[in-house]
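Scrolling down, you'll hit the structures one after another.
Here come two complexes built around chain A, the first alongside chain B, the second alongside chain C.
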Partner chain A sequence: MTQEPPRLDLLLALADDELILGHRHSEWTGWVPHLEEDLAFSSIAQDEMAHARLLYGLALESLGEGWDEDRLALGREPRQYRNAILCERPNRDWGYSLARQFLYDTADDVRTRTLLGSSWKELTEILTLVRMEEAYHLEHARTWFRRLAGGPVAAREHLAAGLEATIGEALAIFEPLPSEMELVTSGDMPMPSSGMLAAWLGGVGEELETVSLDYVLERHTQMGEMVPTASGEMASEAPTLSVPGVERVGGRWVHRGEFAGAGGRRGHHSEDFTALWDDLTGLYRAYPGATW
Partner chain B sequence: MEVWDVLGKRTAGDEWSVVGAVKAPDVEMALLLARETHFRHKEGVAYAVRRRGDTGDGDGALVVGEWPPETLGGVTDRSYRRQEAYAGVGAKLKRVAADLAARGLRIERSRPPDPHGTSGDGTKGKPS
Partner chain C sequence: MVRGPDDLAAEVWKALARVHDPEIPPCSITELGIVEAVRVDAGAIAVDLRPTFAGCPALDVIREDCEAAVAAVASDREVRVRFVSSPPWTSDRITPAGRAALRTYGVTPPSTDEPRICPFCGSRNTVQESQFGPTLCRATHYCAACRNPFEVFKPKLISLTPRPAS
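And now, the complex of A and B:
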């Protein structure tokens, strides 16, 4: 894996996002505040890992002898993982994790729907399957999003804090891939990442506006608007925010400019990735070649 | 929080039968959690919830989930979640340990602390 072919660039971005976020989701198993939801979130974690597995299987076609699914998932050095930094951040609290799931799965929906138009038949076949299960995740994410946004105040504030903490790095899910020009030219990507980002940001901006949480997209330096929740309580002061490159133009949220938390697609990760990688790959590295 | 009985059909021709229950604040969340907790392993082709104690007329109180049978329970390989995937775990562990021992490696990660203060054979551990 010294020089990655363009298709591997795309596959690893897709698969590593699913693997790493699936790993973070799985860390909630046994700890979710509600037993039924514990099972639900664990199932979503397993789905994400199953999707990564399908994509790694396709990636093996671009690799030489000696590679297999396990080695791809667990046998790479940290700099060889191409997940978005958003996916590797620790879970913090339940509001953070739900906010991240909402932003990630809405972004993944735009990304996989777009890629169904790819000229790469094997990829579109996998994504057709993946999207059948991602529909579960979207329903889960949107149900919780509406519910927490509707109050009571503590729930809304947890969600808002989670959105504030994730929205900037969520944009970088659409950070351009190193081989993007080749991928677009070949038709493997029907449009550049910037096009997918515009579609996602426009849609997610509308969803945030529906529940009056679009302020998380704006630069705030003073008191936020007071929004009554479904329980009749009033949300309190909004903190200072800064989401680089996001503006509202002609009634629609658009991205112009730089990303926060970019670099994942080029193998640059946050300080949080090291501990995750150590935990995720520890067994594989301790017992190389062991089979079950 | 209210209790909702979860009902399912293993095949399309079956009658509804109760398969469990979930706690949920309303029917939307009850349906979502019923599907997630009882129908994620290909257990059936249809699912529904009914507020406990709400009998209605016949199936009148039943709220049927809309997820289609083709995708209910997922479409990717999740055989490892089923009980048979764990058959022979002891023998596998012995085989893996023997393979590793032949290469000079040993599984030596210690067991995690027992939160209940009991030893592996179910007897109480020594007081500290």
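And now, the complex of A and C:
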């Protein structure tokens, strides 16, 4: 896996996101303070891992001898995983996990829907199946998003705190892939990641506005210098934005430039990944060739 | 009497109809629409199956049970059973007999009609408790009329996948 074919770049981004976030969701099994949600996160985890497996199966075609699904899922070095950093963050609390699931699954919905237009038939076949199952994840995320946003205040605050903590890194789901140019040219990707990001941010911005939580896309006005406005009032300088690169233009949220929490698509991860990787791959590394 | 390939294929289908889904014991895999194709040639019998949900943990058991069932009627040939992901399984593949068996088991068959009908008392005075349940293919509901929790086999159709929010 030194010189990766472009298609592998795309598959590993999709599959590793599902595997790693699926692993985080599975850590809720037995711990959610609500039986239905224990089942929900466990079931979503099970689905995500199955989706990763289908995509790894397709990835094997781009790899040489000696690779199999288990080795792809569990037998790589940390820097060979291409998941977005958002997916590897620890669960913290249920509000955080829920906010992350909402942002991830809405982003994944835009991504998989776009990729149905890919010229790569085998990929579109897998994504057709995947999207039928992801529909239930989206329904789960949106149901809880609206329910928590509707109060009581403590629930709303919990959701808002989760969104504030995750939204910056959620944008980096659409960090460009290393071989994006080739993928777009070949038709494997019908549009670049920036186009999918624009579609997602526009939609999710509207969903946040519907429940008046779009402020999570803005930073509180910085304390400091006051400048006179044309009307003579004193106002603080134009508010800077909390999420790097996000601006409001013509009534819609758009992204330009830098990402927070980028690097995942190039195999650069946070320190949180090390512990997750150790846990996820420990058995595979300790007992090579183990089957279960 | 010489057994032709068509006769053998029919016997294989009959054998597969005796394989049941371990997570939904009253339903056979043919009633659930899991069997996609049976191919018989000189040396081998190939069976293609469609998984209901990709992450279903019963898939390995179903595959092994199919291998055993087919081998029992065609011990002279190699048996190859595999899952295919395209075209995807959809819940409208469940046969009328399969839907009836689900109801008897206390699981409401897949439908897009809301609210769901309680499989125990037939009431529509029901609510969904969760989109998830004891298996990937079932959601949990509650019947306010007979006060029983019950399960619904999730509808799974391409038309139910999310549309762009215009």
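The working rule: the second predicted complex is superposed on the first by the 271 of 292 C-alpha atoms of A that agree within 3 Å, B and C clash if a C-alpha of one lies under 4 Å from a C-alpha of the other, contacts with A are read in each partner's own complex, and residues count from 1 in each chain.
By definition in this document, a residue touches a chain if its C-beta (ideal position, glycine included) is under 8 Å from a C-beta of that chain, and two chains touch if they have at least 3 such contacts.
Please read all numbers here as calculations on a predicted model, not as lab measurements.
For the composite obtained by overlaying on chain A, chain B and chain C cannot both be accommodated without a clash. The partner that reaches more residues of chain A, of the two candidates chain B and chain C, is C. In the overlay built on the shared chain, the residue A:46 is in contact with chain B and with chain C. In the superposition on chain A, A:266 makes contact with neither chain B nor chain C. Of the two partner chains placed around the shared chain by superposition, chain B is the only one that A:287 touches, whereas chain C remains out of contact. In the superposed pair of complexes, A:113 makes contact with chain C only, with no contact to chain B. After overlaying the two complexes on the shared chain, residue contacts for A:158 are found with neither chain B nor chain C.
Contacts of A:71 after superposition: neither chain B nor chain C is touched.
By the touch criterion stated above, A:138 is placed in contact with chain C alone, chain B being left untouched.
In the overlay built on the shared chain, the residue A:92 is in contact with neither chain B nor chain C. Of 38-46, 56-64 or 74-82, the chain C stretch that intrudes into chain B once chain A is superposed is 56-64 (criterion: clashing C-alpha atoms). Common to the chain B and chain C contact sets on chain A are residues 36-37, 39-40, 43, 46-47, 50-51, 53-54, 129-130, 132-133, 135-136, 139-140, 143.
Interface residues of chain A facing chain B in the complex, by the touch rule stated above, are 34-37, 39-40, 43, 46-47, 50-51, 53-54, 129-130, 132-133, 135-136, 139-140, 143, 147, 287, 290-292. Note for the complex: chain C touches chain A at residues 53-57, 85-88, 90, 129-134, 136, 140, 154, 156-158, 160-162, 164-165. Across the interface of their complex, chain A is touched by residues 22-24, 28-29, 32-33, 35-37, 40, 71, 74-78, 81, 92, 96, 99-100, 105, 107 of chain B. Of all the residues in chain A, the ones that touch chain C in their complex are 36-37, 39-40, 42-44, 46-47, 49-51, 53-54, 109, 113, 125-126, 128-136, 138-140, 143, 199, 203, 206.
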